[in-house]
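As written, the chain order gives the labels A, B, C and D, with residue 1 at the start of each chain.
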């Protein structure tokens, strides 16, 4: 069944919020507010999460894995290489000394954490991405956009809701 | 006095900042050319030194380190303020950081890149620097992971790459703005590529927020560890005047201190060069100045603690180094450092000077000079007056080659920084918008109690 | 030593039987950088040459007159390092820094490489044939009496050949000149002991009192005496030896003394007699004439004259009386005065009084072949040549092994006088100051390329004849050994007699083999003997037995301490340092960069001033001061030195060359130049310590280039170099 | 594989080798220097130049403190305000102390300086990148850095003089740290020679250049493990032990009649060079 994409631009965050709330409360055929609704905003609005429902973020798990891997890798790389570097003794210390190795383990813990967090961010946020055709540069300036995907026939209903909430403009495009 | 006008139109924010990316003023070119000239002098000195050997720097046995290491610490220290503003203040929700943290972070990145140069310049056999890199090789030869210098290298690498990533991630929404507004030439391609297709969707923002917060959390201990490790270069050694327990916190405080002073300097310069008066307001300057003052007092305390512990200990050798600092060849510099580091900042305690731009410019430069001297006074006197009296060497004076490279590094830093400010928005547009938005919400909340409901999500 | 399990005697035998005149064929004067060198220098290497394995050849050190036997490490045809020959009775395998720098003399880039005909400032390279022809031409019509030979110390077969050459010229004018020599002492010793240089057994003495003899540094045979000193410190009968040094300027030996007694310059003899007096007072039986002679030298007077406290005088006498045998040594600091001979006699008297003669002062063996015994040098030789030159009596002057233009006091005007001779020939290693004044400069082989025998003046055990043999092929093809040159010259006169000798090597070999029966078992094959001799590097002959004969003289007329001249209030002490001596080795960079042990100054000259005097004159370290005597002045950096009498200043000798080479030219000042023309009353030797000077500041100040740091010799209370009093240690349990 | 090797030999790598747990065997090179015998004549220093290809840096560089003497003779004066140093000067030959717990080793970023199994503090010239941290952390300041490229510097080694260079060791270029090695080239030759015979080196078979030349035998060098060696006996007689920071001499009640000590022992580098105090006669 063919789908239609709609992008409504609002000048005001409260209008957009009201529109979203209404969309979530309405039951429109071929439109699931949890999946087919995307809010685009120029700044970060923590409230969005609340009215969009609680969507989980998984970046922290990447962070944890990255940090642990980095730390372990560091310790074994360092200790292993110390044990193999002609078994050379330095300054009357053990071949594999703990306190100095801890420093680099710590650094690599952080390095791994940061790198993998970024990787996680890119994965979770779906970046890099092609820009969707329904995009207005106004969204990066001062306006809020609501992008919805719905069945062809429900498009009118949605447009109605947007217009009701004083959308400045509505772009539409056929899609899958 | 408000930190920022709450009624700035968001579109104006975009225009103002984007304007700073275009058609450079004459002053900009003057700065770029002077920076390149100074950098060129440094390069010439380094080439000469590379060809002749480090002897031309007028280092000697046993005075094997000099300005290179001191300036290295200086640049590393400078980098800490970016982290302070972007990470620590971010966690503390101090939103006045928002107009100024971007350039502070850029400063972090570029001062680290400058510091990295000194590691190289300092080496006797620069062409073999890769021996210090732990690359797998068939002979199983590895660097010595016990060496604080190697920790340094690793810490700088971690810090530099993390800072670049942090700067970059935080800049993605702004890059999208650039992409949306600049439609010509290489810039368009650059911004399109770098913005990664950012559209400001809720999913992107959600992950963005968590990631930014996580990295900020990592960056704080990282920054602390980096300067502790730099302190370890000295504290882990056995030398009098270096083997000091309080060095790691002392170095971190010194780093934040010099970084904040540098922020004041650059704040004033950017405000003037790019006409950012609307964003880099005097109210924010005041806050930065107060923060700097607080850190200055922390540093002063740690500095005095260091003297006191040496003075009251029975470590005669360390005491001799301290006395030598205060009375010997280095005395003028040592007293100057204490003056610049502890007395000059007292000016910042006075309200009327806190927003006096010329005064603050001079003060911030003096503070930085004091902090540079501090590093020199840590490195050199110990060599001049170590454990072994026979090898004492009070006459060592850096040659013009050393001075040339040190000055050259300032040219290099300025060049990188100015180029950055022309290519990337040096004021975070989206965050200024957030700041304006939340502040206006809060004001309204005060004015109209009835608007509680609609302001539900506001801070 | 690295023992590579190769018997080097075997190698040398091969060498000998192979009949090779030179040790090994070398790689010539190419360098690795040029890429001209082959890695293994031989297509057909001799059997004894194994690439990468060093062999050792013995020879004799020619850096000073002590005659230490050396062992040169040779690898791939190059001498790398000089070590001591353990079989030598002089140095027992040890070396000094000066000796080791012999390789730098050999490889010196500034050596003369071609015969040079000089006129004005220019030198023209000529062939040896032309040089010899020129000498023959110039000698033609000159009577023997008009030909002078001025040399440094010569001994061995070279001396024989030189004598023969002079004989062939019917000249008797061989003058031996050493700028720094114990000549006064020789004369005094001859009187006191019946020989110029008896044997001094420092190792058998319990107390050594040295009047300015720097036996650890530069006096007579320092390596030998240093070894004796080590034994002396370990002690006789478990009692550690005590060294007392009496001098006005601290020498290296003074720096190692248990008690360093600073005396007013020139009063060493008074102190010696004072000690004799004190010994008498302490109960030592003195001969009547001695007692009478010293009766005026009571402690108070001696203390007043010399500046040594009565307490120290008493302690010294008590120590000498209690611990016997002792030994009293006499050195340059005591003999360098107009009354040097009297000082020397007074000091030698002490040995007699203490009963040391025969115990710690013993007869040395006489060289059984007087013709090879060393012709020892003194400054009288220079004085005579100088007078002859000034009077125009000398028409042709040969110089060898000496640099009089550098070492003669300016007042003698040697350089000007030398120009009066019609023809001057310098046999030289470097274009030094004297060679520059010569008409013909003949390039010599280095000591490591040359053949010869060396007999040292000081013989500690029997007589050791040092054999000098080449350690490698000549570096420069056109240099020649002094022996070879003399042989060529003598053939100009007596071709028949010397025709069987192709070169000095064959002369030497023939001469030594002639005496084979006296050195080796009867019936030893010539070649076997010769090879043994070369591999040993030394010939030890028992030496003719000898007895001490002289007697002390109690008739010693010591002048009262001189009043200070108001205009020239300070005594100049030209000091002889262990490495530079009289300056002939100044072009060896190891020696220039080896810090002076006491001041730690390198590459320069300096003026030592007592800090008290310096404060009085407002002088600080590094001030360029002008030191003026009646005969000129020199400017040098001041160094505040606590080990010097406040009425004296000291400048080291050896630096201040204006020729010679890149490592010598332009460094420091030449203190010889301002010495006054005062001579010892008896021997006529130049009295080196009789120059009175004044100091004036020039207003210039430099940073002294030295090894010590800004706190000088202070340990800042840290436990670095520790001294302990002898009553607080137990040396008996030590290894 | 490094990690499997690491895990298999874990306990070995955790030993405080060799200071405490594992003694050197069969060699531990050490020295003792008798300051009562040392006359300060500098012969050892010159021998070191000859043996180890040390550059003569010239007056100007010497003035800048860039001299390369691995063995330096220090001269100290008494510090009690006496007018004349009437007990002479005190000389001290100072070279790398080959510390057992060497401060220089831990700090080298590339591991160019290490401890060898025979107890030497080795310096790997071609590994050195010239960070000079080792020198910075050396309490004795006995490490010397090649501030210039001496092999190509005018008048350091003119063409003729290159022929004197010892082929057993290198000539160091610019940017490399160097120091006394206890004449490691001699030790290694000696060790290989006796290896063929299936034995260990005997005392005196290997001499350092400075020891060999010393006219007063003030320097003793040898194997501290070998109970027959002179150096072992001297250490034992002075009751000086390697891995402690306080010797019998320091702790004995009422003073000690021993004279062996190590410099800056309180810093615990455990130097391998024992000095014996200079003695001065009390009766004069």
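Throughout what follows, a residue touches a chain if its C-beta (ideal position, glycine included) is under 8 Å from a C-beta of that chain, and two chains touch if they have at least 3 such contacts.
This one's a predicted model, so the numbers in the text were calculated from it and none came from an experiment.
Set against one another, B-C and A-B show the most C-beta pairs in contact at A-B. Farthest from subunit C in terms of Cα centroid separation is A. Separating the centre of subunit B from that of subunit C, both taken as means of CA atoms, is a distance of 66 Å. If each chain is reduced to the centroid of its CA atoms, subunit A and subunit B end up 30 Å from each other.
Note on chain placement: the centre of subunit C and the centre of subunit D lie 32 Å apart, centres being C-alpha means. With each centre defined as the average position of its C-alpha atoms, the distance from subunit A to subunit D rounds to 62 Å.
Along subunit B, residues 140-142, 144, 146, 150, 387-388, 390-391, 393 each make contact with two or more other chains. Counting partner chains per residue, subunit A has residues 81-82, 84-86, 90-91, 93, 100 touching two or more of them.
Of all residues in subunit D, those that touch two or more other chains are 2, 67, 74, 103, 106, 108, 111, 264.
The touch graph of these protein chains has some other shape, matching none of line, ring, star or complete. In the complex of the two chains, the subunit B residues touching subunit C come out as 316-317, 320, 387-395. Of all the residues in subunit D, the ones that touch subunit A in their complex are 1-3, 5-6, 9-10, 12-20, 100-106, 108, 111, 114-115, 243, 270. Chain contact summary for the complex, subunit B toward subunit A: residues 9-11, 14, 134, 140-142, 144-146, 150-151, 154-155, 157-158, 161-162, 165-166, 169, 172-173, 176-177, 180-181, 196-211, 214-215, 218-219, 221-222, 225, 229, 232, 430-431, 433-434, 437, 454, 456-458.
Of all residues in subunit C, only 703, 708-711, 714-718, 720 touch subunit B in the complex they form. Listed in rising order, the residues of subunit D touching subunit C in the complex are 35-37, 39-43, 45-47, 49-51, 56-59, 62-63, 67, 69, 72-79, 83-92, 155, 158-167, 186, 189-190, 193, 205-207, 209, 212-218, 230, 233-234, 237-238, 255, 257-259, 261, 263-264, 275-284.
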